[in-house]
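By written order: A, B, C and D. Residues from 1 in each chain.
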Amino acid sequence: MSVIDKVKQLISIMNENELSEIEIQEDVTKIRIKKTEVGYTHTVASSVAVPSIYPPPLNHKHPIPVLSKDSENITEIISPMVGTFYRANAPGADPCVNVGDSVNEETVVCIIEAMKIMNEVKAELVGEIVDIYVNDGEAIEYGQPLFRVRPSTK
Amino acid sequence: MSVIDKVKQLISIMNENELSEIEIQEDVTKIRIKKTEVGYTHTVASSVAVPSIYPPPLNHKHPIPVLSKDSENITEIISPMVGTFYRANAPGADPCVNVGDSVNEETVVCIIEAMKIMNEVKAELVGEIVDIYVNDGEAIEYGQPLFRVRPSTK
Amino acid sequence: MFSRIMIANRGEIALRIIRACREMGIETVAICSKADKNAMYLKQADITVCVGPSEADGSYLNIPSIISAAEITDIEAIHPGYGFLSEVSHFAEVCESSKIVFIGPRSEVLKKLGNKTEARKIAMACKVPVVPGSESVIKSQQQALDVAHKIGYPVIIKASSGGGGRGMRVAHNDISLVNSLAVAQREAESAFKDPSIYIEKYIEDTRHVEVQIFGDNYGNIIHLGERDCTLQRKHQKLIEESPSPSISDRLREEICKAAIKIAKAVNYTNAGTVEFLVSKAGDFYFIEVNTRLQVEHPVTEMVTGIDLVKQQIRIACGERLNIKQKRVRPRGVAIECRINAEDPNNGFRPQPGKITLYNPPGGRGVRVDSHVHAGYEVPPYYDSMISKLIVYQKTREEAIACMKRALNEYVIEGIKTTIPLNLELIAHSQFASGNINTNFVENLLSKSQRS
Amino acid sequence: MFSRIMIANRGEIALRIIRACREMGIETVAICSKADKNAMYLKQADITVCVGPSEADGSYLNIPSIISAAEITDIEAIHPGYGFLSEVSHFAEVCESSKIVFIGPRSEVLKKLGNKTEARKIAMACKVPVVPGSESVIKSQQQALDVAHKIGYPVIIKASSGGGGRGMRVAHNDISLVNSLAVAQREAESAFKDPSIYIEKYIEDTRHVEVQIFGDNYGNIIHLGERDCTLQRKHQKLIEESPSPSISDRLREEICKAAIKIAKAVNYTNAGTVEFLVSKAGDFYFIEVNTRLQVEHPVTEMVTGIDLVKQQIRIACGERLNIKQKRVRPRGVAIECRINAEDPNNGFRPQPGKITLYNPPGGRGVRVDSHVHAGYEVPPYYDSMISKLIVYQKTREEAIACMKRALNEYVIEGIKTTIPLNLELIAHSQFASGNINTNFVENLLSKSQRS
């Protein structure tokens, strides 16, 4: 398990148990995660229509997770950049998308904060969100799968 | 190819071409072989019935050489010790055995000089000598095949 | 001391820096591209963040992505290694404005010394000899010809933002100068995104000698002796050593003094290298300052006993230089061979692909700095260097014998490498005598091609 | 200088000696057993001769076979390494009578010092303190009891021809002494073909400190400082370092002086090690002289900068010692971890078998002395040590950090090794403090078993 995966699991545990800080040291790996007091505290420079300095998201086919049964025609939206993943475009607002939502090429599915800039990530395909891999506020790396999508057969 | 193998090939070439000295350097390997003027010049301390200080020779099945066609039931007499191989038990004498000779357990097939002592090597099996791998006066190591033998089916 | 550092680089130098951090008890965040994502050396880092696609432009040169990765991993400082962003003053600026410590000189120093014509002016102001040439960027063909006529042929055209031999062209007369100008500009543009070039007198039969300098944030500047990198092929260093086998103690002292002068003139901080050409007559000329850790830093580490990377980190963290100049007493001889994934028998063609067998040499006096291993896939996207083999012995003769022995032990199968070329060079009587110049390798190669 | 040397040993030490020879330009003849015949390290030798079957008795201990191999390959000298025939005076005698130089002390010195009771007498004659005990071999049960009563319990029974912890037994009272006597004799008989034993006072809470000595054929004898080998398990050294972290400079000087006295008393030639116990009170006691190169010689090489194997060869060839005692100035700190193919979680059971993955650590300050590699098959016939990991740094703290880093990098898969145990020991606060004794490892292991 990569450190990033461990961090993800730890954050899930933190969220489930309403923890504000967790620190583990195993062998040579040391992970310390601490939540900020409020949901997110950064100043949202501009919450709408920020021109992205990054290329548009890629539709990259990842190996389907082992647990998946419906392996037919499932694709993923992967992260086009490194940053912090947010499900909504403002603190307290509704998530951009939820499981079961239909999306099209232009649908903003999440916000990734990178260098204090909020970048809107678009679905770039037509289909239905079937899973959200990442929790709100999580750190994500380039190429990391974010959403699982069942594409619509037009 | 091990250095010993190379030395063997070089000695064959020397014998075929009646050379007295050969020296090669390849990469980091340097081989120099020089023949003494006369066949062998050492003083033979005792040429008969020297009690061997070594265990009796082993009948060890080696992988049959690639060129061999008659792979059925061929065995080898391998060297029980490190030393110098002589086909005869005295300089100028007839070889102990030649190709085509029949041997039995007690037949002395060669002499190995080790630490100035002449050690008689016995066939330890009944059969016919079909090949002699080693030239007279060659250095041999432990476990090196000396004779190829077709065992008799009693 | 920092508690967490990001390494904005890849391969052997990333591993080199991770090792130093681990020994200092500092956590490490390694960035990587898609191509390097499963590389084994990343396991030595505490955290790995993939910052972009395999192409360096989108990953190792992608400043927003790297800074973003720095933010999500909460690091305090970035070590840029060498190459990539290590000499990009804009990157250092971004770090500074993001309150991240850039482990290297200040951005203004990078900017000043990164421009070769600017650096030349600084050297001249310090009365350090420079190669005669254009005082500034060449703007026209006529200007180039004027300069060439003034300083005399042969001349060499160099990229203002250049390095590593790219954008360099030697001209022996007006015709070749005119022809080379456009080519050099195009090369400079494509390699450094800056077409500006300048012209210098081309000095034949020279050695390449460079001085390691180190400055702290309190005005203390020392040198750690010199390295000799005369053994080059197309301006790419192949074998480096310290001390230089061909300069007198007096010349050594003069060159080191000149390096310190230049460093002091810009109030240099952290590690840097001042490069010089040394002519057969024993004259020396300033070439440029490399404002970063060098590939060949291990040879200085061996002879001085100082860990340059740890020292860089300490200085960047605000510590004072704890080494006095007179306490720097290089001892013994260190030699480094760069092992590249290239086929020396086939025009040094890069050899990406899988390493099927890998056995590095070991034993007394041998140091291997490498991130590769059996099963490692050399990616086609980056520099071809896969290992640095460094030896350290009391005398140069012993160091050469040790290097020969170690190169002979080194097994890399699956791809072709420059190990055989290194063996040939290190075993060459002319290398042993120390009587070589920067054209030695090319002359040798063209000779063996003719024969 | 010799032009061709035979190495009468195997594994890492054979490779160590081959490397030294290659660097000196001396041809090497490696002997091997059937089991080692295809081992890759043999490729570094110029000639390989298989001298017998896999079992050491018929090969690495087979004197006639080895001498015969020496004759057919026309070598001038034999380096015996450590273990096997290295301390067998008869082998040195045979070499001497065969006009082959034995690279080690003269056979009469091996004989004298090889007998522990004899060595004790020599030490006492030099006024070097020895552990109180029987002046000679114990001949009867009553004599053993008399000695024990005179010197007081606890006592330790040792084999006269012993070494490496075999044949040793501690007794705390008459009953355990009587019981242990027979066992110890049997062990001594089977291990050394000599049942003679002697008795010493068992000194608790001791450190193991040893002095590297070197003599030439002209009466010059020097020491190269000390090594601390306190970290042992069942009298088998696990981690060695130099300098010793727990003795004062005055004590260091005294111990080294005592070692020189003993060496001079026997007119010692070539490399040797004088071993001492150091009590908590700072008293030291002579134990024995190891008349050969030690496994842990690299730590001395690192701090002194002297290549002990090359020095051995030069001395054996008749050269004078070119090192003056006052010029020996150890610098820095070196630590060695022995990596054994043993399962520390399973009673240290040997782990013969195939190494499927092998990645040694590298980088600054790291030396690996090992003959193994991915695909290497650890044979079941010999010692379980497969690698020595040596680090060298300026301070002990840095050396410990470097060793931790290097052990963490070291990947050996396919068989279990003592790497995890080494990591645990090197990271232990008590090791860092230097406050340990020779029972430290066993106490730690029994504690972890209980918990």
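Methods note: contacts are C-beta pairs under 8 Å (C-beta built on N, C-alpha and C of every residue); 3 or more make two chains touch, one makes a residue touch a chain.
A quick map from chain label to UniProt name: A, B = Biotin carboxyl carrier protein of acetyl-CoA carboxylase; C, D = Biotin carboxylase.
On a predicted model such as this, the values are computed, not experimentally measured, just so you know.
Student: Just to be sure I understand the contacts, which chains border both chain D (Biotin carboxylase) and chain B?
Tutor: Where chain B and chain D (Biotin carboxylase) might share a partner, there is none at all.
Student: Just curious, how far off is chain C (Biotin carboxylase) from chain A if you go by their C-alpha centres, in Å?
Tutor: Their C-alpha centroids are separated by 40 Å.
Student: Measuring centre to centre with CA averages, how many angstrom lie between chain A and chain D (Biotin carboxylase)?
Tutor: It comes to 59 Å between the two C-alpha centres.
Student: Take the average of all CA coordinates in chain C (Biotin carboxylase), do the same for chain D (Biotin carboxylase), and state the distance between these two points in whole angstrom.
Tutor: 43
Student: Taking each residue of chain A in turn, which ones touch at least two of the other chains?
Tutor: In chain A, 28 touch at least two other chains.
Student: For chain D (Biotin carboxylase), write out the residues touching at least two other chains, lowest number first.
Tutor: In chain D (Biotin carboxylase), residues 22, 408 touch at least two other chains, as defined above.
Student: Mind listing each pair of touching chains for me?
Tutor: A-C, B-D, C-D
Student: Could you pull out which chain B residues touch chain D (Biotin carboxylase) in their complex?
Tutor: Touching chain D (Biotin carboxylase) from chain B are residues 2-4, 28-30, 53-55, 81-84, 114-115, 139-144.
Student: Show which residues of chain D (Biotin carboxylase) lie in contact with chain B when the two form their complex.
Tutor: My answer: residues 22, 27, 34, 37, 46-53, 58-59, 64-69, 71-73, 98.
Student: Which residues of chain C (Biotin carboxylase) touch chain D (Biotin carboxylase) in their complex?
Tutor: Touch list, chain C (Biotin carboxylase) to chain D (Biotin carboxylase): 15-16, 19-20, 22-25, 40, 44, 298, 301, 305, 307, 332, 358-360, 362-370, 373-374, 394, 398, 401-402, 404-405, 408-409.
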